[in-house]
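Two complexes follow with subunit A in common, the first pairing it with subunit B and the second with subunit C.
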Partner chain A sequence: MGLFTELKDSISRVTERLFSEQEPKRIGIYGPPNAGKTTLANRIARDWTGDAVGAESHVPHETRRARRKENVEIERDGKTVTIDIVDTPGVTTKVDYEEFTDEMSKDDAIRRSREATEGVAEAMHWLREDVDGVIYVLDSAEDPITQVNTMLIGIIESRDLPVLIFANKIDLEESSVKRIEDAFPQHETIPLSAKEGDNMDEVYDSIAEYFG
Partner chain B sequence: MPHQCTNCGRTFADGSKEMLSGCPDCGGNKFQFVPSTSAKSSAAARSRERAEQVSSDDPDGAISRGVETVREFVSDEPSDDRSWPSHDDAETAASDSSSGEFAAWPDSARPPEDRSSAGEEPPASGTPSSGDEPSSVDTSRAGSGTDADTVTSVDDGVRRDGTEDVAQADARSEVVSSEELPAHSARPDDEDERPDHGRVVSEPSDDRPSLEELREELNDQFESIKILRPGQYELNLMELYDREEYIVSLQEDGRYVIDVPDSWRDAE
Partner chain C sequence: MPEARGKDDADGVQIDLISGQRMDEMATMEKIRMILDGVHDGKIVILEEGLTPDEESRLIEVTMTEISPDEFNGIEIETYPKSSANNSSLLGRLMGNSESNAKLTVIGPADQIETLHKDETLISALVSRN
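Let's turn to the complex of A and B:
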């Protein structure tokens, strides 16, 4: 049953894709799990449309399907930039249900794990052909030099997609924006706290500039 | 009757020189050797004959005879022969005597059409069955004829022996030791040979780990999602990114559903 729903969803996505060629640019929000991607997407969506994109959670892989918020109009300096925001599941090379068993039953953890894996597959696939630009969100309290980050940013670069690196969670004590800047000096890094709403003006300026 | 013409079936006694110029009945120049204990005789005479062979060159008959010699040798000698410093014979013998393969032989190594008893030596030239090391080559060769008793088994590995056939090597050894040969002919082919033998001996124990390694390697190369067990997955991000289709749904039983590009659907 769930399978049919998913299939239907996926077919409707394909259909959407076909008719969305002239639509606003799709900006994929990518990054490792728990970097704050959904929090950021929700913040952007709430700021400009009043709706949220999806549920946020401290448990990794809360977002297990890419979720899109369409026609987000961002006004900057009198101009309006319209984008579709695609919030993607956190990209990782390993998913293990045992990470979640503290938070939920084993069955639920296994299901979450499976769905998260599907979500990563989907997100990687979308990166291939369905996004026009990328916001790469990192937890600035974590070491940014990981296999996943290096690989993903490499892929994004190989596609020549415009990319902004968001150093999220600057409200945390251990946060180090410089560590991220040093790790990816070839890209612009914008510090922010999506949760607290810190530095969002610069965030929107950058989005308008890069993806407008 | 150790030798039999593969064409007409005529048989020849071991040591017979009749067949050296081809089968008298049909002209065929391929013979198969039927091992028999009586074949282990007259090694000394044979090595003398072999020396003659080496000293002259005659293309076609010689080639097939050489092949035959090798084949016979192979079928009758212990595996240690691979220590003999040559390698071309191996392929030739294995490929059943297509004459072209002998092109690499030095002219001096080609026996005359009428040379004697190339076919006889299989059992005789006997190298010691223990002679895996190149160092054993000389002794075995020098002792040809007396080593016949050591001939104990049929071994495919023998085919790898080398650029000289048995007769040639045997004859040559009376004049020149293997160390004096040019590098290419002196090179022992043990490397080629040993894997085969080693596998026979150690296959049961070795195969399992290598299979696992292979599977690991294949997984690394081809799998986009590795299911360690339900709820535990490893993802090959590059592969997931590179695929045209993508995995929509993982099933409990290990099956999964993929979304294929529209172009694939059209093709159906």
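Let's turn to the complex of A and C:
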């Protein structure tokens, strides 16, 4: 093998590496409040980086700022997929501070609702500008045909973003994955319990396949 | 917009039905402003052809910035969802426009309109006076 051929192979290897190592894709975790988005983000982050993303709570709007966990390396079948996870506040069209007053003082409830509205606006901005793909999380124990879900899926589709629907909370008795599959048959639905860690292998397989 | 009766003129709820033609002539922010100004006044706004997904996203964003404790809790919005078997309106399909977004949309103040039932062919809502 001549010097020229060796040089050509070497250049080809370098360019291949340069162009194959793309920036990690930013995957936004979206969905209505209390669907388990942060529980899922924490489960993924803990499984692959050892760290959590944020606090979880049964009170809606616990996540009031979009939070990014960078360089989450997911290994599947000997290959590594690197993504940035963006955990976003639950999207809604209304926020009433009185919904929180059973759990906290009026001042804290007002502060929470103000931060929640800023968080939802921020989440919408991320969706329009800054994510490369979406994991849409739904509580499988709730009716998925809501205006917010229909609108958000429509917004995601209009931006041609790849989307996976995660039917979360399958550990609950009232859970119905079929209801979600029937509501959004145009997208792949993966059942899971982020809290219990059920079916996470399929979750990671689909993330790697879809966003890798 | 000419108004037959303002909300304060009668013990009732004003409903504005806005044609697709009227909306076509407006820029995105003009549409959003018109919707939110109406909702702030306690009106129910019905759009013959709805909003595009991008406009819906901006409507949510602007609504969030205007929510104020004890004054404005946000909006209730309902549209007919597009089923997978019918991804476009009949007219849209006849015209070969599979991207048609025309969908009847009802928007009102969150504290005055409550959706009682919704499926692919029916929206049932309760409208109350403040």
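Operating definition for what follows: the second predicted complex is superposed on the first by the 190 of 212 C-alpha atoms of A that agree within 3 Å, B and C clash if a C-alpha of one lies under 4 Å from a C-alpha of the other, contacts with A are read in each partner's own complex, and residues count from 1 in each chain.
Keep this in mind: a residue touches a chain if its C-beta (ideal position, glycine included) is under 8 Å from a C-beta of that chain, and two chains touch if they have at least 3 such contacts.
None of the values given here were measured: they were computed from a predicted structure.
Undergrad: Quick check on the superposition: with subunit A as the shared anchor, is it clash or fit for subunit B versus subunit C?
TA: clash
Undergrad: Thinking of the overlay built on chain A, is A:110 touched by subunit B (first), by subunit C (second), by both, or by neither?
TA: both
Undergrad: For A:157, select first, second, both or neither according to whether it touches subunit B, subunit C, the two together, or no partner.
TA: second
Undergrad: Under the stated touch criterion, which partner chain does A:145 make contact with: subunit B (first), subunit C (second), both, or neither?
TA: A:145 contacts subunit C only, not subunit B.
Undergrad: With both complexes overlaid on chain A, does A:127 touch subunit B (first), subunit C (second), both or neither?
TA: both
Undergrad: Which stretch of subunit B would you flag for clashing with subunit C, going by 42-50, 150-158, 168-176 or 222-230?
TA: Of the stretches 42-50, 150-158, 168-176 or 222-230 of subunit B, only 222-230 runs into subunit C after superposition.
Undergrad: Can you list the residues of subunit A that meet both subunit B and subunit C?
TA: Residues 91-97, 110, 113-114, 117-118, 120-121, 124-125, 127-128, 151, 155 of subunit A touch both subunit B and subunit C.
Undergrad: Which part of subunit A faces subunit C closely enough to touch in the complex?
TA: That would be residues 91-97, 110, 113-114, 117-118, 120-121, 124-125, 127-128, 145, 147, 150-151, 154-155, 157-159, 184-186 of subunit A.
Undergrad: Residues of subunit A touching subunit B in their complex?
TA: 2-3, 6-7, 10, 14, 91-98, 106, 109-110, 113-114, 117-118, 120-122, 124-125, 127-128, 148, 151-152, 155
Undergrad: Under the touch definition given earlier, write down the residues of subunit C that touch subunit A in their complex.
TA: Going through subunit C, the ones touching subunit A are 52-54, 56-58, 60-61, 63-65, 67, 69, 73-79, 81-82, 84, 110-111, 115, 118-119.
Undergrad: So in the complex, which bits of subunit B are touching subunit A?
TA: The touching residues are 224-225, 230-238, 240-243, 246-251, 257, 259, 262.
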